[in-house]
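Next come two complexes, and both contain chain A; in the first it sits with chain B, in the second with chain C.
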Partner chain A sequence: MAQGERVNFKNPVICWIDERLPLFSMMHKEYAAFPTPKNFNYLWNFGALSLFMLVTMIVTGVFLAMYYTPSTDHAFNSVERIMRDVNWGWLIRYIHMNGASMFFIVVYVHIFRGMYYGSYKYPRELLWILGVIILLLMMATAFMGYVLPWGQMSFWGATVITNLFSAIPLVGNKIVTWLWGGFSVDNPTLNRFYALHYLLPFVIFGVSFLHVAALHISGSNNPLGIDVKSPKDTVPFHPYYTAKDCFGLTIFLIFFAVIIFFLPNYLGDPDNYIPANPMVTPTHIVPEWYFLPFYAILRSFTIDIHIPFTHVVLISSKLGGVILMFGAVLLMFFLPWLDRSPVRSAVFRPLYRKFFWIFVATSITLGWVGSRPPEGLPVIIGQIATAYYFVHFLIILPMLPKYEKTLPLPNSISEAVLKGR
Partner chain B sequence: MKISRPLFCLLFLIIGFSTLPAHADENALAPKTPVAGWPEDGALGTYDRASLQRGFQVYKQVCSACHSLKLLAYRDLTELGFSDAEVKAIAAQVQVTDGPNDQGEMFQRPGRPSDNFIMPFPNDQAARAANGGALPPDLSLIIKARKGHEDYVYSILTGFGQTPPADEKIASGMNYNPYFAGHQIAMPPPLTDGAVTYADGTQASVEQEARDVVQFLSWASEPSLEVRHQTGIKVLLFLAVFAGIMYGVKRKVWEKLY
Partner chain C sequence: MAHPPSSTSDQTCGHCQQGDEENDSSRRDFLTLAAGAMAGVGTIVTAYPLIQSMNPAADVLAMATTEVDLSAVKEGQSLTVVWRGKPVFIRNRTQAEIDEARAVPMNDLKDPQTDQARVANSKFGGKDLPEWLVMVGVCTHLGCVPLGQKPTDPHGEFDGWFCPCHGSQYDSSGRIRKGPAPKNLEIPPYQFTDATHIKIG
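Now for the complex of A and B:
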């Protein structure tokens, strides 16, 4: 990465190390001098914020792991011991618990930003795919982390979600038994979830490294979506974007602190303060808010599909829901090839811009549907929204370039920036 | 900015959805807030020490006959304003099973501040057997573990004594309480006027007792609330100043560009 031009450092120790292992030159090249488009808006802060949240979660998680006991008999009480008796344990635990929500908020903004400005298009397809992999890993990590406190929602959430695999034809039930390490969600399940919950963040860290490495090959996209054409279009990452990211981070921390210190249980379900009880099912099993849109898609498939004129069920409503839910995420992998418009940024795509906001509204609506009991009007709304979710990806995006008259692109970033002033 | 209008619409959508009731929950009446509100509410909220001590008295003399509070230890009571000597005396009032001793036998001894609150029943089965099959829940986290929180528990405690509508039949051994899901609760009305005699002369009405014991249970659910609020204010003050500085730094850095 950093062979060739080495930087001359004043400090002789750094010089000595850099000659043998050019870490400092690499850091200088990739983070200090790194040419970055000069026209970022504040939405470009959310990549750095995601990395900040990942590190926050790993650090607080390591401290929690020092006191947490992964056993069905002790898990709940060990979390309460952290809350009551461990010095500042409540703070570490509330940071970690709400940190999961914050992580998803910044990552969702980061993803929608990528969609709005076409950041997934050539030459950044692999960068986008690595991002979707990170999202999948985050979902798995968050789901398993939610099981660890062993409250009612932990236990029943784990039961519902692991049971989804039973929808797989023929081998489904065997897979579920294998996942559980037994015949129900129990101590072996908790133990393996804990092991994986500790492992996966480091996998996320590794994939994030690749995500950033790929970013540094293609360079960042920008709000205009046009390529960098001359050095006039860029500024060095430091101090320009380090300063801007630090300011953005502080604003984000204010929001985070309000949640931690004044509304720490607002985003959680009260039922998870009841110890897990396999004999009592909560009235409504609801996942954490960041899974609600996917939960709504899962439950939108309400009929069994039969082989015509027989009673043989081809796709049960459960299997259909599972296919739709995983399909909803997997579809994101193909986004760079579903949207063929040569123009990246929605700023110059008047039609796409409208459909983008409809898509965001659809996602929020799905989130609301996911929070409701599956009966009455929300079911219908959920089905319409689910259908639209897929229509957006599979029909609207591919068709749009044929009908859309894009606006003229500026000649260069610097020209547009100067005109804007 | 071009995105401000759609963004505004989305915020409206999110706020709209989040203000809708989360669930059309069973048929329980929405919990009511006592007229005076709760002193722990709000960013600067703290517990009312006198109310906490009275609430502990209500728990000890009324609730603890059936409900455990197993996540709390007697030493925690110093936070209610009791002195170390007072906590020692409170703990010594109960008999705790300890052991095994050198002879391999379990024995009874007076409680110490380091002991957790003793439980009224040795296990859940014994609790059910003594309560007609119903399990009195542990109260350590009851305020955090119910939708409606303080208001819910207060409403349950003060919601007895109303006449059920004609179409609702109350099963034997059950009691009518419109705030409880299904309206039938196995717990008999626990509080009565004058059920306890407060040392500070406060009139022990049902509402007052409920308010005090809910205050006590709220503290039991979240003993770190006060230090959390105080720390939060300091953190926010720091961040507000720091944000100002960082904004200045950012402006200064970018100024050079143009």
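Now for the complex of A and C:
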């Protein structure tokens, strides 16, 4: 960075600082003058929206932490006190609670956008991988955050998810005891989840910094999925995309505000307003909506696999489900190598475009299955959808380039833009 | 930064020419390996107490036994007590339930175990007390508490317990019969301290 070109700032204070630590020059280079493809659509707002949500969650979370008590005796009541007695506590908590859902909405759109336009392909593979790491960290953070109010769903969600690790052969139970710090989900568990829930967002912030740094090396992908070839293909980030991001943010904030002020508990589970009771399991344990597709995959594995002709169970249905669920997320790391088509954007890949939408429909179906009790038709549908999820990644994507006739790519972004594409 | 790159390489070359090259590089390899090994050991030694600190603390371990008075539990009734933060199901089984559990062929069981083996600890003064079934009331699938302790609860198809979370069904001996759970309900360590009292843990 020291070798980077410095900008001449008129303000003498800024100039003095910049000469010694060229932060302002760096900001100018990366966020003002940064050449950005000129054909972004509104789906390219969602990266900035994710960053906005991360900051929102950290800020509201810090203020909630000033009143929250991480103890099984006081956690539930301290949250209720925030809701009733703490000045503006209801607002800060509703922002934080629904903010988790908003964060996942924008990140899921961001991920599907990357899939549709092939943003994970060369030279952006590492950028994609960093994104998947952020998703995993978000899942861990959201899960532990949901435990903190110590309601019935908090407790039983924590019990079910930590018990997943008991499926690991031989050391499973020891790992679970270690995770709990006891023999069940209890006070030590709550305390460590709180510590980690406070820590992980800052880790996410660090990985996001790397994610953006990698983005600024390769430059952004764009809806056409073709490389920037000349300065005519780009516009400076500021004011063009700062303005576009602000507009998108405004629309998003209206949506967010409607949820916070009119439907604050719509996305949550009413059972979480019942204090945790280790002796009574709720009749129907469901995770928050953003985990439902993965929960459906977990429950789709219903048979034990035996060593042939014996009663020795090789993979129990429990272990199988756990492997499938983690596999479903880990598979995303390999996406850049599973899809070998040289054409990035689905705009020019007629077959991939169809399969992309089938994949989206599959994900939504899995979400619906995850919200149903595990009996009857949803089980069968969940098994078919789970199978298709893996077929999409492991068979369809690698095979597609062999059969697909892609459409001709435009010569440049600016040519396509001038033709009105 | 003080030396231009060429002078650094000159220095290295001059140094190598003076000494025995093979001997010197092997000595350097040894130093690198030794330092690396020490760093590795140091990392493990540092990480161990941190990781170990997350295991159950002494006071948590100290509260690991529970004593229960069974005198109020009549035949066909159940009692749920807390042991290590988990529910323990204690059932005074009817003769019909015991007979039903003992009539099941081993081939029908996912986790084969006789009913006799499951109540092996239920004895006092040389007398077997097979009516007393003592189990950890935690589904072996994902840790929910199965229903079946109250007469009005669902008991599943096998006159035992039914887990509402993912539909696992346990029989009147607490053995897994149907659903995703891999194992029978766990039998905790327990013993009868007299005819009507047990100590769990």
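The rule is short, and it goes like this: the second predicted complex is superposed on the first by the 418 of 421 C-alpha atoms of A that agree within 3 Å, B and C clash if a C-alpha of one lies under 4 Å from a C-alpha of the other, contacts with A are read in each partner's own complex, and residues count from 1 in each chain.
As a convention for this text, contacts are C-beta pairs under 8 Å (C-beta built on N, C-alpha and C of every residue); 3 or more make two chains touch, one makes a residue touch a chain.
None of the values given here were measured: they were computed from a predicted structure.
Participant: Putting chain B and chain C onto chain A via the overlay, clash or fit?
Facilitator: Superposition check on chain A shows chain B and chain C fit without a clash.
Participant: Looking at the overlay, does A:316 come into contact with chain B only (first), chain C only (second), both, or neither?
Facilitator: second
Participant: Just chain B (first), just chain C (second), both, or neither: which does A:304 touch?
Facilitator: So A:304 only meets chain C here.
Participant: Can A:284 be said to touch chain B (first), chain C (second), both, or neither?
Facilitator: Touch status of A:284: both partners.
Participant: Go through the superposed model and pick first if A:171 touches only chain B, second if only chain C, both, or neither.
Facilitator: In the superposed model, A:171 contacts neither chain B nor chain C.
Participant: For A:399, using the defined touch cut-off, is the partner it touches chain B, chain C, both, or neither? Pick first, second, both or neither.
Facilitator: A:399 sits against neither chain B nor chain C.
Participant: Going by the contact rule set out at the top, does A:182 touch chain B (first), chain C (second), both, or neither?
Facilitator: Touch partner of A:182: chain C, not chain B.
Participant: Could you tell me the angle at the CA centre of chain A between the CA centres of chain B and chain C, given to the nearest 10 degrees?
Facilitator: 80
Participant: By how many Å are the closest C-alpha atoms of chain B and chain C apart after the superposition?
Facilitator: Result, nearest C-alpha distance in the overlay: 9 Å.
Participant: Identify the overlap between the chain B-contacting and the chain C-contacting residues of chain A.
Facilitator: 283-284
Participant: Which residues of chain C touch chain A in their complex?
Facilitator: 51, 54-57, 60, 64, 80, 82, 84-87, 110, 112, 141-147, 163-167, 180-182
Participant: Which of the residues in chain A come into contact with chain B in the complex?
Facilitator: Touching chain B: residues 38, 77, 80, 83-84, 90-91, 94, 116, 235, 239-240, 243-244, 246-247, 250-251, 253-254, 257-258, 260-262, 264-265, 270-271, 273-274, 283-284, 347, 357, 360-361, 364-365, 367-368, 371-373, 421 of chain A.
Participant: Would you pull the chain B residues touching chain A in the complex into a rising list?
Facilitator: Result: residues 2-3, 6, 9-10, 13-14, 17, 20, 22-26, 43, 71, 76, 137, 140-141, 144-147, 149, 181, 221, 223-224, 228-229, 231-233, 235-236, 239-240, 242-243, 246-247, 249-250, 253-254, 257-258 of chain B touch chain A.
Participant: Which of the residues in chain A come into contact with chain C in the complex?
Facilitator: It is residues 156, 159-160, 162-164, 166, 177-186, 188, 192, 278-285, 299, 302, 304, 311, 313, 316-318, 321, 374-375 of chain A that touch chain C.
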